[in-house]
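Next come two complexes, and both contain subunit A; in the first it sits with subunit B, in the second with subunit C.
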Partner chain A sequence: MLQYSTTQEDSHLTVTFDGDFDIEATELIQDTIKPMLSDYSIVTINLSKVPFVDSSGMGLLIDLVRSMESSATVVRIAEVREEVFEVFELLQLPEILGEGTFV
Partner chain B sequence: MQSIISKGKNVKEAITLGLELLNVGSKDVNVEIIQQESKGMFGIGARKAIVKLTVLAQQNDSVSVVNAVDVLEETLTREEKHQQPQMDPGTTLTQEKHEGKVWVKAGRLYCKSSPTQFPTVTLGKGVTLLKNGEPVAGPTVVLSEHDLYKIVLKEDKQETKWHVKMDQLKLKVILQVEPGYQMTRQIPDYAPDEHITLEAEEVKQVVNTLSYGDVMVQLENLRVKQGFIQDNILKAIAATVPSEFEIAVGTRAKDGKDGWFELKVDVDTKKGLQEDDDGKVDFREVQTIPTVQKGQVIAVIHPPIPGEPGVTVTNEPLPPKQTYPVELKLGRGVMVVDDKVVALESGRPKVEQRGQLVRISILEKLFHPKDVDLESGNLRFMGDIEIFGNVKEHMRVEADGDVLVHAAVNFATITSKSAIIVKKTVNSSELSAGKHNILVAECGHMLGILHEQLQQMNAIINDLLKSAAFKHTDISQRGLQPLIKLLLEKRFKSIIPLSKQYVDVVLKGKDYFESDDWREIAVTLKQIFLSLSQQMITLERLKELSERSKRLHEWSKIPVEPEAYITLHSVQNSHLYSSGDITIIGQGCVNTKVHAGGRLNIEGIVRGGEIYGKLGVAINEVGSEMGTRTIVSVPQDQTIRIKKVMEGTILKIGTMKYTINETCYHISAYLNRDGEIAFN
Partner chain C sequence: MYRREFSQANQSVITDNKTLEREINLAKVIQSKLLNGEKPKLDKDDISGVSIPARLIGGDYFDFYPLPNGRLRVVIGDVMGKGIPAAMLMILTRGAFRTAAESTQGPGETLTAMNNALYKDLRSLSSFVTVFCADWEPSTGAFYYSNAGHSLPIVVRKTSELIEIPKIKGVMLGGLPDQVYKEEKITLQEGDFIFLYTDGIIEARNREGDMYKEGRLIKVLKENVSKTAVEIETVVIDSVTHFTEGVAQRDDITMVSMKVGKDKTDISSFNSPLV
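Now for the complex of A and B:
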């Protein structure tokens, strides 16, 4: 089950996820994370503790990034593990979310 | 008395060398120093010591005198320079002849020094000289009769090399053999001479050590089981020069023949209206339509002839290419009896062939004796239609067979699956012949692109499923939808508009498609890519869609026989659309859009409009003095031929455009190698 922790620095929030970013994370993302992030101007999503993703999980991630961008929040995705990034690249996630999103 | 001159670095060395050569002790010689050694300055002007040694007289008795000719021992003998007077004169002569010389007899080397000359030999190829058991460095050696020499001859040997290889198809096994050899050398006799070059006579003997057993073991390793050519194996074993032998062959599969369709009646309608020598058109010609009677055999169906399987040298079967039977689609008025297609009613047999698919039916003919107007209503008929009047405003004529109009067509629509012929003018109307073929070509093309995209999508999904960090959990729960949604986002974003376009075209032309396959693909595309259907999508389903698209795409590329056509007298403000040729035989074509899937021939004038001929365009005159926009286009591999083309006319070949800037005659435009429009 996906868990998360946050650290805040002025209006910059870092959310660190821990666990698999998959279909089971749907509720957490939609009901808890999404409403929480809209108040910050910069959000960094740290994926260093995410070893696995599935297609629903990536759908959630795209949805999350897009909804924040529509509320003018700058989103960065940080510390993606190499093997997870390979999956992202196969799906051209960097192109979908914009090359600058991944740091 | 024997005496020699000896040289050395110093006097002592000169004496020692001299004594050695004479094989006597220092007491037995008289030494005379001819020149003292001198070191010179920095080596310049250095001189060697020279001494003359003369053997004392009493020494003669102790030196053995040997007749050189009789010497057979390996020892070199020394001879006295001056023989004793009691020796017989012949011997003396021979001895004198040998002095300072070397000779070879029966493979042995003999030599004899003289006070003034040491004999020398040069060693040829494969010849080594042993001096007192040690090899001497060549190539030229100074001999002394006090040493023991032996000639050693080298023997060369090369093993037989061979190699067995099988071709990729396992239809042929080749044995390459390069026989070995044994090279023996013999030294011939040499007459005495001061210097001889020892050249050995070489004798090369071919030794092919390849055995039948060796070959068979290798063949077994390659699992060759049949098709041996024993003769060639034996030839290889006996080969004396490097050569190649085919030692086993398989049998190729013989391809069979697909089933075929043999027509027993003439089904060819006289194609269109032809001008006679006077330039007049004989409209009666077009009415020579073939007919069959009830019970008449229209065609014979021949079954496919299967090929013969082949076999590899490893005894694996090679299946022949599969052969396919004729796929018969029977329309109305025909039935199959045994292997024959028989007419059930009288009429015109219509046969359309695309690859192995043959559609056959008997077309009835509808004779419409007057105008098509509000009184008669629109005409829709499964067979041919012949209209003796005009086709009037806003009326429609649709036929599966040919449409022949004896008068004019005004503000009307005519659709036919084969030919449309209009004897008078067509005005502000839409004529389309063989539209189903064009639709098939268009949809087939789209499916070709879709197939490629789907194939790539399958490959990426397979890659993803293999990725270490990719979880399959949601795929088992919800199928591929979430993943497909992601893939459509960027990587395959062209699939959605393409699917939409395909679905639209199929929907619009649904009446023209005879096979359900086209519609079924549209439904599947809708479900997978265009809707939020909850139906589970599996990888198998995607694969099947891809394969089906490919099959239809390939089928759509097979040409149709016979192709539809349009022939008419003249036309204005209209649209003409034919999957085959379009011929305009009268005054010409004004402000009309013309699309011919085959050749476009216009005997008259083209003024305004856009005309296209997929297989080339030939026109008498194009353009107008008023400068009405006229575009003539063909694909990049075709030619535009015009007898007179006026200023302002635009020619398009492939994607290249050219605007005529002054009136030209007899032009023929094509794309040259550089992709530019060129004229002949």
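Now for the complex of A and C:
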């Protein structure tokens, strides 16, 4: 089950996820994470502890980034593991979300 | 009085549940019939496809569409998510494929037309579909292909040698508007086996949480390349089942397999399907 922790510095929030980013994460992302992020101008999503993202998780991630961008929040996805980034590249996630989203 | 009202309410919930169960079962039948329709009969080549949903119904999709020019258009796709929502989008994807297949020249154009047709709906639903589309030309052995974010197929020679096919990338359907999908081509030889699949196979997990992974799949295909397409699919399913040690299937599993016959072949006994 996906867990998360946060660190805050002024209006910059970093959310570090821990566990698989899959369909089981739907409620956590939609009901808890999404509403929480709207208060910040910069959000970093740290995926260093996420070993696996399936297609459902990918959809959640894209939806999360797009909804934050529509509310003018700057979003960065950081420390993606190599094996996860390979899947992101297969799906061309950097092209979809913008190359600058990944740091 | 209270007891009678409670009993009536309880009866109503039971009836609602039965209705829901009946409708889900009907949806399962519809999806199963759409997925497991008539397969094209090739004179020399051996072709098959199977889909096993993780839940009652699933979001994976495969299809065949014989073209007037003698080619056979093949598609395999994976709708984001699982269960009923994914199944609904799978039906949408099927309609887009069949409409596009009829009016487009090659697999790249088909994916472009599918993305154009589906993009707005998928974007508004925050959903995506990965699709691999190919044209098999039996008369020349040419296999033209294009990709929208899907895994590339595995190709094994009859000598069990693994063939590295040219990589091709493309944005998954619903990812970005106005996409142009490139095509690649390989030439297949007699005895070659080509295997298209969705990630439910390689991401299947055992009790320790380990994944089946592509390496195991390639090993199974190489060891069984002399078998028929249907037999190989059965072996793959058995191998995944054995690996997962009874752990519940988490994702839909779908595969399309084709073995090239000895001589040039014609597609017969199959009319272009109606959309």
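Everything that follows uses one rule, which is that the second predicted complex is superposed on the first by the 103 of 103 C-alpha atoms of A that agree within 3 Å, B and C clash if a C-alpha of one lies under 4 Å from a C-alpha of the other, contacts with A are read in each partner's own complex, and residues count from 1 in each chain.
Heads up, the rule we're going with is that a contact is a pair of C-beta atoms (placed from the backbone, for glycine too) under 8 Å apart; a residue touches a chain by one contact, two chains touch by 3 or more.
What you are looking at is a predicted structure, and each value in this text was computed from that prediction instead of being measured.
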Fit-or-clash call for subunit B and subunit C when the two complexes are aligned on subunit A: clash
Partner chain(s) touched by A:63 [first = subunit B, second = subunit C, both, neither]: second
Which of subunit B and subunit C A:96 touches, first, second, both or neither: both
Touched partner set for A:8, first subunit B, second subunit C, both or neither: neither
First, second, both or neither for A:23, with subunit B first and subunit C second: both
Which of subunit B and subunit C A:55 touches, first, second, both or neither: both
Offending stretch of subunit B which, after superposing on A, collides with subunit C (from 261-269, 423-431 or 459-467): 459-467
Set intersection of subunit A contacts, subunit C complex versus subunit B complex: 22-23, 52, 54-56, 58-59, 62, 90-92, 95-96
Residue ranges of subunit A touching subunit C (in the complex, touch as defined): 22-23, 52, 54-56, 58-59, 62-63, 66, 89-92, 95-96
Subunit A partner contacts - residues on subunit C that touch it in the complex: 78, 80-82, 126-128, 130, 149-151, 169-172, 175-176, 199, 203, 211, 250-251
Subunit B-facing residues of subunit A, complex: 20, 22-24, 51-59, 62, 81, 83-84, 86-87, 90-92, 95-96
Of all residues in subunit B, those that touch subunit A in their complex: 460, 463-464, 467-475, 477-478, 480, 482-483, 485-487, 489-491
